[in-house]
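Across the two complexes that follow, chain A remains constant while its partner is chain B and subsequently chain C.
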Partner chain A sequence: MTNKPLLSVRDARVGFTTVRGVVRAVDGVSFELAEGRTLGIVGESGSGKSVLVRSLIGLVSATTGVEVEGQVVFEGRDLRKLSPADFRRVLGSEIGIVFQDPMTSLNPVTKIGRQIGEGLRLNRGLDRAAADRRAVELLSEVGIPEPERRARQYPHELSGGMRQRVAIAIAIACAPKLLIADEPTTALDVTVQRQILDLLQREQRQRGMAMILITHDLGVAASRADDIMVMYAGRAVEAASTREIFRTPRMPYTEALLRSLPRLSDRTHTRLTAIPGRPPDLARRTGGCAFAPRCSYRTERCDAEQPMLTREGGHGFSCFHPLANGA
Partner chain B sequence: MSVSATKSTLAAAPASRPRRRLHWALVLPLGWLLLVVFLAITADWIGLPDPAAQELILRRKPPSAEYLLGTDNLGRDMLSRIIYGARTSLIVGICAPFLGFLVGGAIGMSAGYFRGKIDLLAVGFIDVLLAFPALVLALTFTAYLGQSLFNVTLALGILSIPAAARVSRANTLAWANRDFVLAARTIGASNWRILTREILPNLLPPMFAFWLVAISVIIVAEGALSFLGLGIPAPQPSWGGMIADGREALDVAPHTALIPAAVMFATVLSLNFVGDIVRNMVDPRRSAL
Partner chain C sequence: MNDLLRISDLVVEYPVGGGRRVHAVSGVTLTVRDGETLGLVGESGSGKSSLARALLQLPPPQGGSVLFDGNELTQLRGKALRAVRPRLQMIFQDPIASLNPRRKVAEIIAEPLIVSGVADAAERTRRVRSVMEAVGLDPDLVWNRRPHEFSGGQCQRIAIARALVLEPSLIVCDEPVSALDVSIRAQILNLLEDMKARFGLTLLFIAHDLAVVKSVSDRVAVMYLGKLCEVASSEDLFASPAHPYTAALMAAIPEPDPDLPLGDTKLKPGDPPSPLDPPSGCRFRTRCPLAEPRCATEVPPLRAIAPGREVACHFPLVA
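What follows is the complex of A and B.
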């Protein structure tokens, strides 16, 4: 982590104006990502992980009633300050994204080969024939048998796992430096999930891409990410290397998450430890820690004051009562 | 071999029931429409008498060997007039909604895609246009612009803008939020490219089905305009105009009004049948997955 970061995000905020007031879906998140590294962003549904990442690449600002703030520096360029045309160029050729549901992320009326080649034609200036040829190569690279035939098919003729492979082929077509995978395995069968994750990891290593892996599955994050950022209620509550997070979690929320995982070593019929309560209403923020109502270490200070992300070594956490450092 | 076999059985399974049922319901209307279109195109070359040639001694004759569908009030050959009238009806019926769909489709797509102020403006415009009684609006246009094939087409085209805009806006809204549109943006596609390459191809099937239905509505509307004397001007035959002329002699020579009415009825019914079937075939709920 000594080299200059590929992506650096400072104080990202996203607010949605609704009838009930402004919902702060992302509330001041900062992180850095070095070349070739994988950052796992973990959190439960509605914790703001997808919105955070989509806001970075300008995908949530298209609608009205949305405010996006913060600084996003990618390869030394502030993405938020680029002209629309320059922004599209960076997005198209240097950042790839794989969405959660391959059923909706492919255009149903366009042949697969065309969809893969589209980015190449737009950003690399390839002609149709060259783009089609490259699309077939990419299909075989992501492990699709009979790529020539598949390239001429429509998305509905492929299974979910194959579609996700196609989506990955589209994302890596222009050899991006950063790959964003937004819960890439959530919509897939468990048996296919592993194949897709393996594929992502292989491509990442071969191409030296950095990756942001969004997931709500701690197990996925543990095996694939170098660093992990845990999000809760739109804030980063803990950020450290994967090893540290799993060995010595400091934030009670992370600890609770880890405890709620089933373990093979548990006796059969052991009840899973659930986190009591529900995530807070983001339209009604209190002054205190968002996790306080569900936290077993809660004190008066937790309700009154918002803990800031403090760092101890490379380990960041936002809690007044951090768990003891095991080391 | 085995691949194509599985594919065809897969395709046949959900579609077999409606396909068997729509057999005659598709063939009959489609046959009629093809006949009408064929005759309208070849009218000049199949040896028809001049549709405007009057034979006043032989007026209001019932169908006979010489005049297959009889003659009208001025002794003109009904068959010839019906076939030349099909030309008028088809030109107006096809071009007017096409015009409306070009303009309305563009309005609806921009409204559904860009949302915000553009949407507000477009929806307001559509509502204003819809609030006018349709026929009165068409009458106003043709009365001001003057009666001609072009002006009638234009007037009816403007009438079909709001419906086309609504259909395309609703469909655009549904498609614009799909991830593949976001994905297109992430590979650096511009708004124009997303609209034309990603969203438009998905709009075409429902729009095509709706266009077929719109044709029949416009043919009836053209008939109504002609019936009121503000449609296609006199020497040129049109179905609505023929019904209007025949109305005067409904008691002595009912065929002069009933035959063009029956032809229009059959054509509109056929269009509706075919439109329904096409819509079922392209229904996104059945074809999406």
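What follows is the complex of A and C.
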């Protein structure tokens, strides 16, 4: 790890004003990401993981009814203080993004070669012919057979797995330092998911990119991330190396989640350890720990007071009753 | 154990215009034994949902037979089919979309009783209350509420109550937990196991998540592009898959354990072929690491390789 992180996020907050009150989708999240590392952000729907990263790249920005706060420092520059033109330049050339559904993230009426080349022309000053040539090389690099022919096709002519490869080609075209992948394989079948994750990992290693991998699938996170941040109800509730998260979780939510998973190593009809209740309504948050109503370690303090993310060694957790280290 | 459901040579095809057809299910023969949970696994386009709907005659299949407890469902129409339907129920993937948003929860659960002719309102109320309690819904709290007031997990409980209220013998569960959050899945899987024991149900459990399927299934059938690859007991199948596709599926799944190395799927590069134009011979051959010329010319029949184990492959991994 280098001393200076590539990306540093301080106290990120996003609130949406709704008829039912303000929904605090992201409620004070901080993290750092070093060059070349993969941070897995895991959480269930409504945990705020997607809104968090979308707010970092300006896809969720402060307008009427939307509050966005916090500091986002990328390579020493505070992204929230850049002019719109400078911000676009950073996004276009230094941060790549892959979304969940390649059918909606690709432009349906533009040939895929042009879509890949667009960033190269805007950010790298390539002319159309050079951008087209580079697009074909990128298609080949992401494992698309017959790249010359494919470059002239439209997204609807490709399968879901192929489209996600195209989306990855677009994201890496300008050689970004950071790749954000928001549930990149959730819409895909397991055998295709495997190919796409292998591709992301290979490109990341070859290029030394850092990656934020957002997923609800703990298996995907376990196999691909160096570090993991677990989110629940808009907050980071645990952050540690992947191995520590899975071997010695300190946060009861993480432990409960891991215990509730069916595993291939269990015998058929093994009773699952379900987590009672359900995630809280973010518009009706109370003062205490958001997980307390479902937690088996809950005490009075958990209902009254919000635990802050505290660190022991490199392991952060937000809990008054953390599980024993090395238990 | 008796066979409760016997599907033979089932064919489901959909016309898609231009004279082309989607070959969703192409000659599947499968039995579901009384009291068991049969897991049906496959990726999108494998035909698993088409198979489920065709056996419930939603709509009737283009070919083959569906024998349910002595009734040939494909020959039944109208009243005769309605008379059998109460014993065959279904739970869908999207619990919110499968409930009528304008109806109250009590009405949704009572609807099957009305359709099947339970005329006594007091009797309906009693049975709805009883089934709500069975699935963990408090009747006094949920009775007059509507689906939008509930989370996905709660909606799936309502859908399960609706399926149970007629006391069916067989419930087809089509991806019942894939739309649910991880922390809710275990609740619903446990509920299904409890309901199966309490009401003596037989389940056809369709899912793409192998760990989920293994957790609930006594036997497992694997489908690929409209054909069965393999049928075996859950323990046998996961201990030693016989079909190269089953092996690839198992290797492709990342286990939630960072110390387990990722398996090698051994798949040839490329995407699954389209069910519009499935490959000749064995449909898996275009991605199969073991494919030989014979696989392109000769369709491998589903054959027994051991007691209770069937595989459709010329070169099974388990002899």
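Rule of thumb we're sticking to: the second predicted complex is superposed on the first by the 320 of 327 C-alpha atoms of A that agree within 3 Å, B and C clash if a C-alpha of one lies under 4 Å from a C-alpha of the other, contacts with A are read in each partner's own complex, and residues count from 1 in each chain.
The criterion applied here is as follows: a residue touches a chain if its C-beta (ideal position, glycine included) is under 8 Å from a C-beta of that chain, and two chains touch if they have at least 3 such contacts.
The structure presented is a predicted model; accordingly, all values stated were derived computationally and were not measured.
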Chain B versus chain C as contact partner of A:83, first or second or both or neither: neither
First (chain B), second (chain C), both or neither touched by A:159: second
Partner chain in contact with A:269 - chain B first, chain C second, else both or neither: second
Per-residue touch tally on chain A - higher for chain B or for chain C: C
Partner chain in contact with A:219 - chain B first, chain C second, else both or neither: second
Which of chain B and chain C A:190 touches, first, second, both or neither: second
In the complex with chain A, residue positions of chain B that touch it: 115-116, 178-180, 182-190, 193, 197-198, 201-202, 287-289
Touching residues (chain side chain A, partner chain C) in the complex: 44-45, 143, 145, 159, 161-162, 189-195, 197, 216-224, 242-243, 246-247, 256-258, 260-276, 278-279, 294
Chain A residues within the chain B interface of the complex: 54, 57-59, 63-64, 88-89, 91-93, 95-97, 99-101, 103-110, 118-119, 122-123, 156, 167, 170-171, 173-174
Touching residues (chain side chain C, partner chain A) in the complex: 43-44, 151, 153-154, 181-187, 189-190, 193, 208, 210-212, 214-218, 234-235, 238, 248-260, 262, 265, 267, 269-272, 287
